[in-house]
């Protein structure tokens, strides 16, 4: 959505990026995706998390991209990185071994417990829409210590029941979650074009934390498939600072590929 | 000391790829050998099972061309662009015919190749917990640790393709192959496959390989054919040689939307050409120059001479 | 971007190695960090469990010095020379005290490190069939393939040393480490260990590492301390830097035959010296010059600049 | 034993090397040890097996040693080789996967079925002599397609009963051996300082094939712990040719480290 469309001096994407980057404070090893997550990580590296290492499931550790990567396998990621490794080692020695502090996931559908569907809309055998599938998402959801979900929010994507559970979220039973013995245990935060969410420790359910400037709770409710739990201290998402906007517009996405 | 395995893509595919084979053209965004995919289409192979972690444009072309009846994968899409229209038509509407699928997560696919390469009957992984994936793929089975009844993993079976096609920067004529940049699962799929076709940007003398043996990813001992095919990964890329041609990935989204435009593209760019050299010429030098990166030399190390 | 982990061997051992720890000084004939073994002796650690595929002279020195009560291994000996006298005295005659042993085959040890590095509860291997080894090591257990009742393997449990010492040619001060020549299981043991001490011939600038990222074997992310210790592997070798000092291996056979001569050697060459620098000086420049190999440069590759 | 001691113009070691090298005809990937096996492989490469690739369990494939290696991890093996790999990959992708055509084993004890002991003399818990252990021997015996044993022969080494079975040989039951499904199935040949042996397909038992020049069958019998099966066509081990002796003495072991 364009800056004009928000009338707030920044675009919704820029707000989502700034809000997400602030969640990466103190993080070191970060599993990066393409698009928004890539800009989020690069912004965090320049603001709240100078020691942040960009890790890509394609096998790159400590990337220093000289341009905005077009995919998680862009050649600019390998050149000048700290280490390039086989995908087996990346998944076994880094992710499965618990070295990844935070990762980003998205999906066509998410439910109130942060379970994600990236496999199919409709019946698996007779799909209405065949989606890409898991990729590394299933492993990432299990092994990354924090999982940040960035999604556009709508009735069809924030659903009461997933058509398919590709990546596990919270079970709803904290005792069960603790007994899993995973490095992670479902998504920790969700940032959408309307609001930000955390998850309740007791119920493992998504909790509305902040609404974006100009967005009402009714608007949020109207764009999800269940009645959301609302935080007692529900607030407004802080807008991006001038410095954050400068970094995004001048350094990270000058052509506005992902942010206009 | 070792015999030359140098051949043409035409002969390599004719001699090593049979109808009904399981074929893996691997490469994670990097080193995807489109030239081999095009030759398999050109020779009108049928009923192939195509294995690949990330079916993308090359498999959309092959599946759109009708060479395959089954797909084994972990993520399908046009990376950074969107969907694989031809693949989706077949899965969603059996149009023009159905496509059988068998899916894993990335790590599951990698570990299937690992088990195949290491001659193991299964490979254990900590994934699939509380996911629906095992419910649609009975080959992914739970197992309990013999050291701790409370510790559960899943195991996947070995995947041993009949033929693996591995693109690389360089090899000698015996197939000793060196790769830098993203490795994907090139090594694992090569050791796992029964027959291996190595395709390179440059054939180099054995002495170049022997100067830096730690850079060797695949030994000639497991290679059946070596093909020199410059720009053989286009529109994918080869680290240090040429960049990804992103315009083509965007264009493919349009081309593949209709079977008719896809067929027209195949007629012009695959069936209408004798080989990859003609494909390279058809694009023209200016195009290839535009994809060339600047220099980023690795520096040298010293192995020391112990005589 | 990342903090320096540069320290001295003295401080690294003092801060990271505790009495009773399981310690692995790995390196398969290549990159065996004797300097770390000597510092552990110097600081008189006790009751260590020493893990290593090939206990050789460095472990004969450590076990002869009394720092260890248990040994986990797959082959013990003075390679190309003969026996480990100190180790054998303790195993055969409990002289001066008993030494507990836990043994595997080479592949079994490697796979224990693999399981530790990959956070797997066990690792399957096709070995130990009809061998007596599992009868003396209950940790090696048989398992049947879930895909074929007739297909049996053995599994070994993960090995996660409290401390791994890995020698390498070079690293930056954050611990990003590059190795060429024999790799042994340096990578696997580093990822498997809870704490990692990297010891190198040379500290290099981060930019040197980043010029050739495929050469990086261990990322700083798993490294706790980085020590620069030239000739730290003597009498073992570092590819491209110095040769194995075979005369010392032969001499050790004589030194270790009697505990008295072994003790005298420790007094003179370990306890009698403050650190490895003094050890290097004591041998003298002529000695080190005699071990230097001729040049054998690797050649360069181009990663390409994509800006 | 020195040349003088045999009075035949060559040493027993030279005879053992030549006899062993001739068994490597047509072999390509050869797992090399140090000492005699190393010279055997280098001789075979120059005579019966020009395509022979020297593979070392230390992780080297296609070695071109410029000097006589002092160990299987000598730096001269890595420099100028075709590939250097991790030991995991060497054992998993090369040996366990069946790429090794022939390997050499030895031991403190061997029995009539080619089972080998490199672990202990006496009781395991209270050893008379603690030996090195398996190293890679157990895997090699199982996965190498051919296994060549080179040993000095004596009552204490050719035993009726092993103190410990480190590496499996033939079971004595060919049906069982076939059902193993291993790439190899116990040693294929044994070369000693007195004679050469093969194994009977039916019984899996060691069979005396040739005695070395000047060695009597009684001498052979006197130096083993069981009554050996003797081949109907028992012959004499062909002595090393002049060319074989020239290669051994001038190129492979000029200092006579292993052959004098």
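A, B, C and D label the chains in the order they appear, each numbered from 1.
We adopt the following convention: a contact is a pair of C-beta atoms (placed from the backbone, for glycine too) under 8 Å apart; a residue touches a chain by one contact, two chains touch by 3 or more.
Quick caveat, the model's predicted, so the values are computed rather than measured.
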Required steps from subunit A to subunit D (each step between touching chains, minimum): 2
Contacts common to subunit A and subunit C (chain labels): B
Between subunit C and subunit B, distance of the C-alpha-averaged centres to the nearest whole Å: 37
Distance from subunit D to subunit C - Cα centre to Cα centre, in angstrom: 29
Centroid distance [mean C-alpha coordinates] between subunit D and subunit B, Å: 41
Multi-chain contact residues (two or more partners), subunit D: 60, 74-75, 78-80, 84-85, 92, 96
Per-residue overlap in subunit C, given as positions that touch at least 2 other chains: 119-120, 125-126, 151, 180-181, 183, 187, 211, 214, 239, 243, 293, 296, 303-307
All chain pairs that touch each other: A-B, A-C, B-C, B-D, C-D
Contacting residues of subunit A [partner subunit B, same complex]: 34-35, 57-60, 70-75, 77-80, 84-88, 91-92, 95-96, 119, 124, 127-130, 132-139, 142-143, 164-168, 171, 180-182
Partner subunit B, residues of subunit C touching it in the complex: 119-126, 141, 143, 145-148, 151, 153, 155, 157, 169, 178-181, 183, 208, 211-212, 214-215, 239-241, 243, 293-307
Touching residues on subunit A, where the partner in the complex is subunit C: 28-29, 50-51, 53, 60-62, 64, 66-67, 74-76, 78-85, 89, 92-94, 96-99
Partner subunit D, residues of subunit B touching it in the complex: 1-3, 117-120, 176, 187, 191, 206, 209-211, 213-214, 216, 219-222, 303-307
Touching residues on subunit B, where the partner in the complex is subunit A: 28-30, 53-54, 73-77, 79-80, 87-88, 91-92, 103-107, 110-111, 114, 125-133, 136, 151, 180-185, 187-188, 237, 239, 243-244, 246, 293, 296
